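Report on the following structure.
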Amino acid sequence: MVVEYEHMTWQEVQAAAEGGMPVVLAVGSTEQHGPALPVSADWVLPLGLLQKASDRSPFVIGPPIRFGYRSRPGSGGGQGFLGTISLRAVTFMAMIEDILEELVRSRFHRIALMNWHYENAGFVYEPAVLVSSRHPDVHLVVIEQPFPEFSRQDLDALFPDGFPGLDLEHAAMMETSLYQYLLPDEVRDQLICDDSPERHPPYDVLPIDPTMTTRSGVLAPTATSSSPAKGELIAERVIDHIIGILQQEFGKVAATPTLTA
Amino acid sequence: MVVEYEHMTWQEVQAAAEGGMPVVLAVGSTEQHGPALPVSADWVLPLGLLQKASDRSPFVIGPPIRFGYRSRPGSGGGQGFLGTISLRAVTFMAMIEDILEELVRSRFHRIALMNWHYENAGFVYEPAVLVSSRHPDVHLVVIEQPFPEFSRQDLDALFPDGFPGLDLEHAAMMETSLYQYLLPDEVRDQLICDDSPERHPPYDVLPIDPTMTTRSGVLAPTATSSSPAKGELIAERVIDHIIGILQQEFGKVAATPTLTA
Amino acid sequence: MVVEYEHMTWQEVQAAAEGGMPVVLAVGSTEQHGPALPVSADWVLPLGLLQKASDRSPFVIGPPIRFGYRSRPGSGGGQGFLGTISLRAVTFMAMIEDILEELVRSRFHRIALMNWHYENAGFVYEPAVLVSSRHPDVHLVVIEQPFPEFSRQDLDALFPDGFPGLDLEHAAMMETSLYQYLLPDEVRDQLICDDSPERHPPYDVLPIDPTMTTRSGVLAPTATSSSPAKGELIAERVIDHIIGILQQEFGKVAATPTLTA
Amino acid sequence: MVVEYEHMTWQEVQAAAEGGMPVVLAVGSTEQHGPALPVSADWVLPLGLLQKASDRSPFVIGPPIRFGYRSRPGSGGGQGFLGTISLRAVTFMAMIEDILEELVRSRFHRIALMNWHYENAGFVYEPAVLVSSRHPDVHLVVIEQPFPEFSRQDLDALFPDGFPGLDLEHAAMMETSLYQYLLPDEVRDQLICDDSPERHPPYDVLPIDPTMTTRSGVLAPTATSSSPAKGELIAERVIDHIIGILQQEFGKVAATPTLTA
Amino acid sequence: MVVEYEHMTWQEVQAAAEGGMPVVLAVGSTEQHGPALPVSADWVLPLGLLQKASDRSPFVIGPPIRFGYRSRPGSGGGQGFLGTISLRAVTFMAMIEDILEELVRSRFHRIALMNWHYENAGFVYEPAVLVSSRHPDVHLVVIEQPFPEFSRQDLDALFPDGFPGLDLEHAAMMETSLYQYLLPDEVRDQLICDDSPERHPPYDVLPIDPTMTTRSGVLAPTATSSSPAKGELIAERVIDHIIGILQQEFGKVAATPTLTA
Amino acid sequence: MVVEYEHMTWQEVQAAAEGGMPVVLAVGSTEQHGPALPVSADWVLPLGLLQKASDRSPFVIGPPIRFGYRSRPGSGGGQGFLGTISLRAVTFMAMIEDILEELVRSRFHRIALMNWHYENAGFVYEPAVLVSSRHPDVHLVVIEQPFPEFSRQDLDALFPDGFPGLDLEHAAMMETSLYQYLLPDEVRDQLICDDSPERHPPYDVLPIDPTMTTRSGVLAPTATSSSPAKGELIAERVIDHIIGILQQEFGKVAATPTLTA
């Protein structure tokens, strides 16, 4: 059974929606991810994880949101990077609002948004609020941060030299490992590099201060420690986390509807 | 050399843009395409054509625009169909505007938009005007209708029973054949069907009049005459047409830049 | 009985609306129409045709929409011409939306929009959709293209040297003849001229390419073949076409209400 | 020489603008004006006055703005009246902004807006500010209130029973007299009536309080005292006032340019 | 009992709203008020008056609106003054709309807006209309001009040298006296000065004409005649006026609810 | 010397801005803060801290932003609470944009925003980006999270029973203590209570799930452990943190300008 929205016919979508299946959308961006990863990382990775998750829990994988809100230096390198294609806040929110509205019109009443691009936080919630206010019968779940709390053991496995926090894990070990696990051919292995900004204060400065980002686009000195095995471990944890949320919120979904394809 | 934006790293994008390569974006929609074709037809097909075209002419294949303006009954079946995910006019235009603005920021100065979704016409032009007014040095080409004038001979080959015009060729012979040629696995062959609206007047009616669309979503009684060979013929003509436009407008592009991958 | 909205009192409007009369609005622009025709051609001509049509079918002639969406080179000469007053897409759509909303509030439930300005297409439909979604009981007809299919015989009479298509008929034979028939005093006869762009490709280029428009603003080499007789023929055909649509969509309108003036 | 924009060709507009002529636009509304006057009063009257004024001072009569901001009970009867077609504030301001921008693009650098519809005040100024901020070389005059201070003698002639103030002069003596003077055929003489709201407090109440407006739409008990002679007197005073402003602000305009018609 | 919204807890707000108390909001601006008065005058003064009024009539003093629409030269000195912080029209209206909407959500059904900043007129009414259209059960009072008609006797007391009208009373005798009465410590007494623009025509000019405003920001030659006693007289009259309006519109409010603080 | 913008005259603002002083704005909200604290907590507290900080470092205390983006259940209780007055995202961002633009017009070129309302994050950054893009010479600092990393010792003093994290510290120990320290009269001491949501998952659900917030509005079981001493400790740390940022970013500000008051 096809469960990727983009590969479904309208009648298959109808059958899934009317059959009560949830739909889960990866919300990402098109943003620099250093010399080794494609600019699509922020939607390719959560899409890959959702593809694996859907093997274990029946849901429709909605069309990934490929464009996100503006990149910020401390979390994604910032708008100084060529290649990054960001939307203004109002554009991004309107796009999410329209897509949610159309999913509701298509009779989905369990919808989850799984955001991967840190900068989208808040801007994902607002359109969900607007749509929810018009459709109080629809159950919306907004996951603005996709990672679970990792166990001590996992952190030791992932960061044997000590856990530096996730703040700067942009285009670094986590995303590189996931890419190596999910889509190894897309990684420019020989270009993986470590980097870190000269400073990483808990506030933003405009115009962008180059000492608060890096030239490579990698924000943490962890990328070269990436491996497919780490990617698999992270993938497992995120998938468990997401499936846990879906089951918690949407309960046990009725027997999968019979689709035409 | 990777030339699909979504698979490029930011440094590859930079090299291409600074090397003077044009970027061409397929502009489509997520819209019902009858029982046999996925809802992604309007961006999957032009993307497939651009992939083939890029073998013959050096350009970057920009990220396809997967969401379009509202479907209309006489051209896409209309907003009565489940599965269709459309944007409001203002959302669609803002999204295109932001994407163009970011491509300009990324130093592309030759940009073409190749629209496949009829309803987007006009709404593609407006954001291009707004961006152009701010960047008069950028050369923008807006192709709102992707088909060339077919020769008599081609029309005879494609429509041996007589050419009924292209107006209703939605989810019909043209698109089905292209799918069979480009992505045969995506076609639900056994579900290909012919259909046609009871009437097809040259105006619109609101609320939607069901006699002006169909139940299947196929708008012309031509779909069952589809074939991969017809798809190839159409593909050849569209690719020639697009390459002709690019060469006419952007001239001979300088030697392909050396990219890192 | 006065049926032109702009000449009616509010009580006459009320009587007409509550009596079930349809209201039909000409949607035009303020746009260059060459050296011989006023910039108001796009609303003056459809208004003149509606005035004649209303003698044969009872409807209220709504206030004409005098400002349209941006002129494009291949259809109206483009925004390079002085004298053209265009609205941004969002402004135009908001204006149409508000006017429709107010007509509905004034109790019209049969409303037709008859567009004359090619560039308005799509931008007329969107606000009609928005208003219709709030008032599903109102019957809205959106005529974005006002011309019928002309018969072979008519085309021979209008274009004895061969029919070049309607694409470039801006400020050319069709509009000049209609002006000569409807409002002959407004035509600067001695300034009628033929012209044509160096090229007329099926796409747009930005910034505007002067070879795709003309210096005079006339886009076809047909204007000097204009005549009042041709204008009358065209007027007859358009009026028949519009009345046909109104009767098809709105049915036989009940006996004309008795108005106070 | 034609000086009404709507009757000019684009080349005549160009000649006038490049010749340094000011352009003056009547800004009105489509709003109920009682049983005796058409809904177009707010743009027809200032247009008529500008037509007379332009005989005495060379300026282009711009396209009148026929749609205004929402009617308010105490000044125009309010949005409870059928027939009134008002725009939302944002729509009205965007429309004015675009029109001003296009007049500037057409090379007018002396532009005056003469507002007749009380409710438009403020909403005319804002778009003028926005356009002025982008074109500081353009001289913009915003006349939100068109009446001069009337002399004691004039007030005695106009209101022999005592001057009640201008606040409620909607569809009353002033506008009826002007109509009788300028366009007598448009007045439904037998329907002229006096009326006045039960109360007229210096604030607004929502939802609309019917005691603060009237059933007829006439707001003052002065309409039956109208006469063409009074209309002429008012017209003279307003015309003098407007010409005085134009001369004060735009100075002596250079010799009228030679236009082609 | 605390009746100032900004000092109340949410449960106190709830008790007041559910107890049927009206809420009255001062709507002001942050705008230059000459050398002697703070830029907050337009919200500080009406807030001070509402504080006194609430001793005599039970209502909640809503959060004052501290930012207003753009200053205009003839009424507030205009946007040439540093220190003035104005909002665009669309921003101001959206802010008022949201605040009203939230007050309604918080169960207030009697809401009054008391505007002190002349330029806000119209822009206060529009958002009130929008909110009212969604909540017809809520009684909204929009007081765009806060002054009563002063009696002859009062005018003699306030303007012993003759009443020049209120038009130019910006940062002049009225506001200075009120400040001296309400918040004497905030007045820079030694900097009180008289001033007046070279001209004060009944229209606006853009770009701003310096002869239509002053260098000091005081617009009338009356400021030096200020006194706390005049301030008290004005305060009394405005308070009486506002309380009169509230009683007229909201009637006798039921016994004050028992609040928790 | 007065350094609170709201108490300054325009000439004092000018002197400060032209003298190179930074301006720092508290960005808050009007939001329920439990039974014991006023709804103004989110701007009153940072304003109070800035007042103290300005004794140690010369800057202008800009007008606090009293309205914030929508409350969310897990951080502020959510939009189910009466008394909370929130703005839509677009309104909030437009308001911040306009205020920043006016501060720049008033010649401030060092501007810091100190946000206290968690939900504003992102929505503060966007308008800062827009203004910065137009004024690259202005140095903008956006502090979306005002707390420093507390030392182990501080955490022990503040949370002797163990540090539960700051996530749920809404209307709890931190804010109550600060209020007790800064404005003790505003605290309803007898109503201080502990509370906590049934669950606090790392995602949002719409419509609001009551188990994810509390009935009281207090989100953590820490409020009853508040004390003025803890408030002073927190205040000291935040003030040091903010002053550190200002000195880091704006450097040593030149000798304080001599103001007129």
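A few remarks follow.
Each chain gets a letter, A, B, C, D, E and F, in the order it is written, and its residues are counted from 1.
In the analysis below, a contact is a pair of C-beta atoms (placed from the backbone, for glycine too) under 8 Å apart; a residue touches a chain by one contact, two chains touch by 3 or more.
What you are looking at is a predicted structure, and each value in this text was computed from that prediction instead of being measured.
By number of C-beta pairs in contact, C-D leads when C-D and D-E are compared. The mean-CA centres of chain A and chain F are about 30 angstrom from one another, to the nearest whole unit.
As a whole-number value, the distance joining the C-alpha centres of chain D and chain F reads 49 Å.
Residues of chain D in contact with two or more other chains: 79, 88, 90. Read around the assembly ring beginning with chain A and moving next to chain F, the chains appear as A, F, E, D, C, B. Residue ranges on chain F touching chain A, taken from their complex, read 69-70, 72, 79, 88-90, 93, 119, 121-123, 125-126, 128-129, 132, 136, 139-145, 201-207, 245, 248-249. Of all residues in chain E, those touching chain F in their complex are 5-14, 17, 30, 32-40, 63, 66-67, 79, 81-88, 90-91, 94-95, 97-99, 102-103, 105-107, 186, 188, 191, 217, 260-261.
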